[in-house]
Structure formats: C-alpha cells, structure tokens
C-alpha cells in the first residue's frame, strides 16, 4: 500500500530518517564528527567534549521537561549524583569506567525516582520549585556526608582507561564521549517511536485523560524522571572523568538553569532541539569570548570594560530567541529544511 | 442600504499564523435590533468571523488581511477588544470560556468592566439570577466545577451584565439539554425583543436558530454561500436536507437510515 | 616566541569581579614595569587573560583556549574550584607554574599541587596569624568563629580550632551563615549570648560583617571583629561609615598608600597608579613579582622554563625583599608565604592602621 | 540570660527576617496573580531597587525619603518597560518560556548593574537609625523591626485592596483566561502593566530595606530564590499566603539556624517546601487547579 | 437490526458468538451494571443511588438535564472518580476500585465531553496512544527499537491504518497535528483513539455536540457501524434527542443525580416526568411558538 508520497511500507514510514537527503546529511554529519579531531586544536576539542556532555544531559532533561512536561530545575544535581558515584567507584573499586558510567546513571536514576515523587501531586512551576529544593538538599548531602563525598574538598578522580590507554588527552575523551552521547541521543529518538514515548507526550499534553487511556501516571512520570536522571547521571559521570575532580560546588544551581535554557532555546519536545540547544548554549559564551577579543584590537581595555556585557548578551540572547522564535532553534532548522526541501528545483 | 445596520462586515479575509487562510472575502450585515444567524459546517470559519469582529483574533495569531468591519458606524480595526466591549459589542465565545477559578459571582463581577466609561448604571445581578436560578444556587461556588450547561448559562449571564447593543453568540446551545436550549433561546429572543439588543448567532442547531433569527447566512470554506430571511432559507431544499435533516417532504430522516453516499450540495458546485 | 607568557583566568565579572579587576591592574602594572626595565634576561613578559565570571567551567575553557593559543609559563587561576579542577591537567603538562586568588588550605600541599603556590598565607595560616596576635594581646580570650557556608568559608574552621587549642584560646561558639543570608539578627543573638572577646569572620567580602558590628554595638558588646584578606579592603569599608571603625584583620601585604621607608616598590606603584589601588591589586602585583622572580632564577640557572624548574626556583626564594610589599623578607619553602600583619580600620581617615608588627608563622 | 528570653529574641528576629521575605514574595504574587508568570527576575529587581537607592542617596546625595520614593518609582518604571517590551510579546506562549525570559531579564539586569556600579559589594547610607528596640526585655534589631512594620503595612494594604476592590477580580480573570477577560471588557494589557509596575515597585522597595540591612552587591538577587520558596509554601497566587509563608519560613529558619546551625537553614527551608508540596500541593492558600473531564 | 433490550443484568455471553464472527479484536462484547452508586463533592450530590445496566452489544443512552451527573457517572465508570457508595460490575466482576489503566486493559474506552486529544501529537500518534495498555514494549526495547519494539509498532501501525483510519475515513489527516483540525474532525479522531483501544465497552460523552445535521449523521453511522461490526457495547451521553431516539436501544434518564426513567426510546420519550425535566417542547415549530409567547410576556 502507498502511504504519503514516496513511502512503500509502514516500516519505511516509521523510520527515523525518512528521506534520502536526510540520510545523506546524517552520514555527512557522522563522518564529520569522526574526522573532526584531525582539524581541531586542544581548545576546540575541550569544547567538543563539553558539548557532548551537555548534549547528553540536555537530551535527558528534554525527555522530562520537553516531552513529559515535568519542569525540572535540578538536572545539574542529578549530574552531580552521577559524578559522585563515578568518583567513589573509581576510587574504591577497580571497575571499568563504562560500568562506572552506567552505575552512575543508575544511581542518579534512583535519586530521580525519589525526587520525582512530588510530580504525582504537583505540576508546572510548583514541581520546578520542588526540583530546586531537591538540588539544594542534595548539595547539603554532598557537603555533609563526609565519609563518602569527602565534604567540601571533594574527590579527585583518576583518569578513565580503555584498552590500557589512560584517557587524559581531550582527543581520547572525544572519541569516547561523542559515541556515548550519540547512542544516548539515538536511544531517546527511538524512545519516542514507541508506546513509552507516546505515553510521555500524552502526560505532557493532558495527564488526566492519559490516565483514562490506560497510562499509569505513577509509573510513567517516575519513569520519565528516572530516564532523565539516568541521562544526567551518565553525563555527570563523563563530567567527572573529564574534569577529574568532583566537589559540591562543581554543579551549581545555575548549571541547572543552563540546561533548561538550552532545551528552551533549542526547542522543547524535539530531540533535535535538545541537541542544538546544548551545542548553542555551550558555544555562545565561548564565541562571545572571541568577540570581546576582537574588540580588544580596537579598544585595548575591552576585556575589563566589556565583560559585564557578556552577562547582558547572554541574557539578551535567551530573551531574543524566545521572543523571536518561541519554538526554538529546532523550528528554525526545520524552516530552513523546508525551504531547501525542493531546492534547487523550486524555491 | 437605507436600513440601519449595526454591524457591517465587508469582504474580509482572515489569515492565521500568516499562512492559513480561513476567510476568503466574507461579507455580512446585522440590522439593528435583529437576530441574524450564521450557519456552516465545522471548520467553515464561523467562530473566526466572530473573533474577527471582536478583534480577539490577534490573541490567536490571526489577522484580518483585507476588507473592513464597521460596528455602530465606526471602523473596528483600531480598537482594542476591551474598548469594543465597552462600546457595546459583547462576544460570548465558543466553549464557554468562563473563569474557572473564580466563583460564579466573581465571573459576573468581571463582566461589569464592560460598563466602564460608558455612563450606564450597573443593574446588579438579579436579572441574571432571574433567568438562571441555578446560577443563584451556586453563586459562591467555583465556576470550574459547574456542569457544562451551567457554564453556558454563566457565559450568557455575563453578556447580560454588560448591557451590550450587539451580542455575538457562538454556539450557545452546545452541550445543553433540549429543555435548556429552548429556555436559552427563549431568553435570547426576549433579550432581543425587550432590550432591542441585536445579535449575530452562530449555531449548529439550525432549526432552533431559525426559530429565533430574522435573517440567516450559510457559509462554507470561508465564504457566504447562501443568505436570506429565515422563511426563505427554511424552504431551501439543501438547507432542509443538510441543516434541518428533512428528507423530501416534511418528515425528519431517521439516523438509522444508513447513508452510503453524499449528495453534493448545490452551492458548492 | 622569546616572550615569557603569564596567562590568566580572571573573574572580571560576577561575585568576585572587583578582585579580578584589581588583580588585572596589578599584574598589568608589574609586567609593564619589568618590560620597561628590559624584561627578564632580555625576554619580555606578556600578560594574556580571559574573563571567567568566577565560574569554574568558564575558567577551564579559558585555560584551554589560552593554552592552545600561547606557550604559557605562568597561569593565574581564579578560584579554589578551578585550582583543583585544573590541577591534574597541570600535573600532566608539567610546563606551567600557577598561582591565583585562592588561598585554600588544601592547595598548600606541594605533594598534590606541585605546580601551584599562593602569594600569601593560606586561610588557616591567616586565622593562625590572628590567633597569634590574640594570644599575645589577651591570653585565654574567648573567640567566636563566623564562617559562611561555602567551600571558601569552611576552609579554615578545623585548622583554626586546633590552633586555638594549642594557644590556649577558647572557641565559645561557631556560627555558620548560609551564603545567601542577608539578615543576621539570629546570628547576632548567638554572638550576644556567647559574649566573646573576639569574633573571627571568614568567607565574606564585606556583608554581613558591618551588620554584625552595628548590632553588636547597639547591644553594647565590646567584642573585637576580625577578618581575613578578602575582607580587608579599606575602599569597601569606607562606604560602610562609622560602624566600621575598629574592624581588624590580617593582611599579607602593605596597603598601597603605606609610606614606610623600606618600601620602594610602593613608591613605584603610587607613581604608576596615583588613584586608588585595591588589595587585590597588591596581590596581583606580588604574584607577578614572584612569577618573574621564579623565571629569573630559572633562566639564571640556565634551565628550561617548565613547571618543575619554575617551582624549584620559587622554592629557592629565601629572605627575599619584596620591595616593601610585604614588610618582612620572605622565604617560600612550600606552597605558601605564611606572613601577615594585623591592621585596624580607622573610620576617620578611612585607612587601615597597622595594629601589630609583621607576624610570620615560619619561625 | 534565660533560655526563654533567648528563644523569644530568636523568634522575633525570625519574624523580622520573614517579613522581608514576605515583602519580596508579594512581588512574585502580584505578578503571578495577573499574568501567570513566575517572574524569576524579582530578585534582580530587588537588587536594582537597592542600587537605585544607592545612586540617589549616596550618589546624588538626596534625602533618604526622596531617594526611597524615586527608587520605588524607578522600580515601577522598569517593571512597565519590561512588561511592555518583553513580556507582552510573549502573551499566550508556554509559561515555561516566559519564565525563561524572566531569567534572561535577570541576567541582563545583573550585567547592567555591574556595568554601572561595578561588582564590589557596598553598603547603603544608614537611614533607619541605630537605637536598639526592646520589646520587654527582648532585643530586636531596629532595621528588622522597621522592615517588619513596613512589610506588614504594605501587605495588609494589598489584602484589603483585593478584598474590596473589583480590580482584584480583573487581575484573576485575566490570569485565568486572557481572551475571555478581553471579552468581558477588561483591559488586559492594562492589567498586565499594572501588575508588573506594582510588582516591580514592591520589589524595589524590598530591595531598599534589604540593602540597608545586608549591604548591596550585584549578587544579592539570590534572595529572590528564598522568596520564591515562600511563595510556593504560601500559595503562588495568595497575598495572605506570602505573608504567612514568609513569617513561617523566617521563624523556622531562625530556629534551625540557632539550634541546629547555620548550615541547616537552607535544608530546613527546602524541607518545609517539600513537605508542604506533599501535604498541600498548592501551598497554604493557593488556588487548586481545576481538573475535570 | 435491533439488539436485545433489557433491564435485567446480562452476563455477556449472549453476543459473543456474533462478535467473534465479525472479527471483534479482543473478545466479546461486555455487560455493565451500575448498582446503587452515590457520589458527592463537598455539599454537591452529583449521584444518588444510581442503578442501571447496559446489555452486551447494545447502545444505551444516558440522558438528563445539565448537571444531572452524566459525566460524573462516566467518570466513575472509567475510574477517574471513586464513588462513595455502590458497585460497578463489568461482566459480573466488581471493578469499582480498579485503577483506570487496568480498566483500559480489560476493555474500557471513552471519549470526552470537552475534547481531550493530545494537542502536541499527530492524529496517527493520538490513535496509536489508544492502544497503549495492550502493548508490551519496555524501556530497554524502546531505547534499542529492536526486536519486540519494532515488531509491535509495525503491527500497531497496520492495525490502526487498516482497521480504524480506513473505517472512520480519516486517511487524509493522519499526519496532521490535531490542534489544526476542526471540531468535528477532532471528535472523529477521539472516536478513533477509543476504537484503537479495542474496547469491549465504549463510553461516548456527547459525541455529536457542536456538529451540524450532516456531521451528526456521519457520526451516527459510525456509532452504529461500531456496534454492528464489532459488537461493542456502547454507553453514550448525548443531548441531541433526534439522534438518541433513533439509534439507541435503551435509554436511562438521570435528573439531579437520580435515575428518573429508563426503557426503550419511545417509552422514555412519552414519560411526562422526562418531558418536563428534560425534553421540553421538542418540535421546532412548537419551540418557535413557545419562544414567541414567552418573549412577549417578558
């Protein structure tokens, strides 16, 4: 049977990438990612690793906030749980680091389950505040649970090692982090092709009618929290291997806001949105750095004089984006895609 | 036209989100003191027409891109929605739209803002409670917990408070029991008669709409396809079949007669 | 390529913005001075830096950016968090010597932090100097510790308590204030109940110390209020008014307007920068001086400029005259310079007056 | 000193601090009530208010009361500008997006303040006097006592206003359904402006009090977060809730800080918050969201 | 054809064979019995001691004035409200306290008075969602989208396309977001979603409200087809008396939370109490007359 314009089976219609241009672009992107380290210096590799950590975590938050509609301002705290778990495991057990990452994710998921409990009673911004509360309480635990977290001084993390290679160079970390993140993003995309993803979206759109359709709110809200925190935990684990020291102040509250900003600027409720949002928000402050540097050639004192302007530009970008395109970068990308859809045959 | 028209919609086009065109050159007029009904299938653009008149379109990213709307002799284009209300144009929106977390009485109080700056005396809520005793019983309860029908009463009650000269009514019978439909339409007719309020009435229940209206328009796909005094419309063959559900003679067609094909409406060809 | 590069992550904005601005000026001035004098062994100094807004990740990014653009010899870091985070990288690279705004006690450990040092006493040493002073002024005095609930604030608590016990001083109350606390009435009540001779504050820039002082005064307490380096800037206290009178604290450097005879460097500073010079300025200036000294000694020994050699050279500094920035010749045997002096704020002159001689914990 | 007296003093101090929280919380409530927007920039407006006062009183040397009036008016003006320029275009968008815009606003305000006044902490000129106040034997800090009185009067004023003034209905109607409010003749943009102006002016006023107690710095906006907790405990759209919630949190924080230690203050606050959310999801006095099928 | 009409409880087996012949997806039609259900909200007594039963494979209409408690009754049946008293039995089994998701699994499906589609999803996804409770994909399957998840999704897609989308004639809109659809189409999508649940008992809350005559006819045809092709039991709330009287086999009338009449459509229509409380004059001509009489009096 024929569905739509050019698809000849349900399977083709249900695929993630439905058109050949899409597949082509994806292939180009993957090759570019694989070859990128050849062209990047250490600074850009550092940023690439950071971007990949942030993408993983933002994708997790997007599952929770963008798709399930449960606003969380605690993503950084879940990352911290993952990071601490990894740090402790690394220090006290000899487990391979991939196992540590998964355990980090799992522990974060468990904490996420607990933090998610209020979501059964409250919604929207009330829930958001509950997650803030959870992150402050977690912070308190990190500071005061001396025997495990080593209090204020935190824990130093020995480098991860894979096949006998110590992962200290950013190039090595890049080749580990980027595939992990890519898998996580793929997993999230798959999730929304199945009943579980649809249940999440249904809860976002109208939770009480979802319940009558046979979706257990208890189960799926908590599941969403767990999945999202798992992503955060794994991202936090990567963070720990990346920065190699975890302290209570490693994951400040503002970092959680950063993730929320990332998915909003990127586009809530689309996988692409979480990804581009995280990329954009991670790189913008760095690009501003270059802008200020360039200005220094004109005004020698630009760094000192113009520094507050970075804070301003950062805020202004969030505002500007939301006012100009509330659906986020993903929507802009879609629009460009539509524009070029038939290009060059038609405009 | 020599007659006194209170509302004159002239050839308007409406576009949502800068892309979706919904109205394509629609014109209609409401004579002062008369009830005019606007019928059409789902998605024809009836509610859109009303929102264009009351200027509430902008809230939904819609815009009137051509044509003009005159209310009481003045162009509505530049007036904010609340300013229009304060000039006497009240829009009872589709889907009731009562303030759910206000009490019934507070809902009525909210409508008193329509009287601001108009120099009319507020009449209190007695009239409303007289028409809808049920609202009086529940006046201190939250409006959100009213049943569907009660909410519709409240929506019309709010219009009464505002003492308007033209009411735009969007599907007042939606979800109401037959008895209440009669009651509400009786009230609509009496408001029109006693207070001389003009009305533009959008309805799905054509028979009841024709029972109170003086004039009718039928629209499809954003255009008026047929109009005339109600007597003439009731006699039209298509109207009888598609809106009144009568097959051939006077008899109502039964819903059990399974319909396997659709006769084309003549006005579409 | 023959330059010696000092790079830095400076908190030019954010909570510690004022510190970054001061440090920037201090380093900048010292670099200018040395370059005008012909550099170090003929090599010019160059200072490059980025703003970090006191955020660790921004700081690490700045480090990586600068590191990929320059061949860096010295690095100025902007927070304890950064110092700890970047340490594995420093150890791995082994090419950079780093100092910074942090005086965290934890960093004062050459084994873990072989390529870092601080241009002054660590926080425990700062309170140690205060205790030394107190023990002399009023043996057996009662002391209350007030610390902010941050990594910065909690840093010296354990060390201070231990030291107080050694000196026979009594810690009668420990008050921890949440970092966001504005109103400190309840803490003042605790202070009143404890009626200490001294209250030592740490982990604050200014607030809430003035409020403590003003309420204590209203209550008729005669407690002496003391603080550490980051709350010792007279410019900030000048805006507080009379309440600030009598506030004391430990300061590792002379103030720029100190016209002591044995301080030629201060004259130079006043020439270069006639307007107000904050305490972070002095810190930046001295750090740059120590960087230069380490570079000079390394080059003189004909060695390569790398982390190990620079640190080794730094540790050869013995009875070194800072030109009066510190009122006593200094010796850097480990990661810190445990020297300081007690000053008292004088509201009438809006200056910090010396209240003690220079105290060194090295003897 | 007796333990009871000490306890009384601690409690009074907690009430005073709580009143400041209430006042700031009021700014959240006023804006939320009309626009369903949680304005996370309230903390930064508080800070801006304090800096405006600093500029007028210390910079231009104006008498304190003139500076107070000007700063509050300035806060209102900023509110009007923000509403007109940034919030109104967001009408009808997802509340989370609007919430994010206010976070962006906060960041911009911090940057501007740093640009204009620098980043170092400062103290405000003293204008509240220094005489200690004793209630019986119990000592109360004068500034705190004044803050308490001001907050109580302002909040009582608003409670009365909303009880007897039909504008309160307009505010809630607008929050509940903008289109329907329009169709009732309510000037929706007007309501928005008024809410933001009054909300921001209140925040600016709170900033003056706060700054005169704890000094000012561009980072003082974090106080907004504590006030947010108060709002949630009291109920997002309840003025009385802001008052009670503020006092409650203030007192509990004081007790926790005194008897457990300062590091327990924040956990106590957030512990209360979580407990509240579990017991009464919409706060002490908040309106329960209506859900019907 | 006319389905069995009875006030007595049924045990469901009667029409099973017939249903099987028609290829009903998940077994037989079901019976429903409501016995002595009471529900109140604070002071408001929404339901008082309501009892009625729905015969397997029949269309039963629940009518009554606004606020009579019809939607509340639906909410009790679908488990969204818990009645304070009384029992609800499904094929003889007491389900009064059963969780809504569980009810969905055993064959309940409903539509809502105020359309409750998921506005952020396409029509297709909305319909697929109906099947949620019958699918088995777990979180690990979902991440990998391998094996079970992919297989299940394909089967689901086929079923939805071939059984429901074709049946309800909504092919052209399957990939549209529901928010962009007109009211009538949204109602149809809601029905589609309910059908995707493979219901054995279908609750329809005002399925034709807001539709004109023509659209009402379409919907009536769908409802009759659902019953006849799959033998699904249907319980419906509706104010459109023309339609209720024409298509239902049995009518129950609620007023102020109480059952005031029940029986065959024409019996109920002839009941004076029902006419007074609910129906009114009924005929447009009579209505017109009444309106004019009232209006001139006022």
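Labels for the chains are A, B, C, D and E, by order of writing; each one numbers its residues from 1.
Keep this in mind: a contact is a pair of C-beta atoms (placed from the backbone, for glycine too) under 8 Å apart; a residue touches a chain by one contact, two chains touch by 3 or more.
As the structure is a computational prediction, the values presented were derived from the model and not from experiment.
Counted as hops between touching chains, the shortest connection from chain A to chain B is 2.
Annotation of chain A and chain C: jointly contacted by D, touch as defined at the top. Steps from chain A to chain D, minimised over paths through touching chains, total 1. Across A-E and B-E, it is B-E that has more C-beta pairs touching. Using the average of C-alpha coordinates as each chain's centre, E ends up farthest from chain D. Annotation: 29 Å between the Cα-based centres of chain B and chain E. Taking each chain's centre as the average of its CA atoms, chain B and chain D sit 44 Å apart. Averaging C-alpha coordinates per chain places the centre of chain C 36 Å away from that of chain D. The mean-CA centres of chain D and chain E are about 49 angstrom from one another, to the nearest whole unit. Residue numbers of chain E whose C-beta contacts span two or more other chains: 71, 80, 112-114, 116.
Listed for chain D are residues 111, 114, 119, 225, 263, 266, 289, 292-293, each touching two or more other chains. Listed for chain A are residues 143, 208-209, 212, 307-308, 310-311, each touching two or more other chains. Interface residues of chain C facing chain A in the complex, by the touch rule stated above, are 12-14, 17, 21, 24, 49-51, 53, 55-58, 60-62, 64-65, 67-69, 81, 84-85, 87-89, 92, 106, 149-151, 154-155. Remark: chain B residues 20, 39-43, 95, 134, 141, 145-150, 152, 171, 174-183, 185-186, 189-190, 192-194, 204, 206-208, 210-212, 242-245, 252-256, 258-259 touch chain E in the complex. Of all residues in chain A, those touching chain D in their complex are 65, 71, 117-118, 121-126, 128-130, 132-134, 136-137, 140, 143-144, 208-209, 212, 257, 260-261, 264, 268, 307-319, 322-323, 326. Against chain A, the residues of chain D that register as touching in their complex are 38, 86, 89-90, 93-101, 103-112, 114-115, 119, 225, 228-229, 232, 236, 263, 266-267, 270-271, 273-274, 277-278, 281-282, 289, 291, 293.
Residue ranges of chain B in contact with chain D, taken from their complex: 54, 56, 59-61, 80-82, 85-86, 90-93, 97-102, 106-107, 109-116, 142, 144-145, 158, 162.
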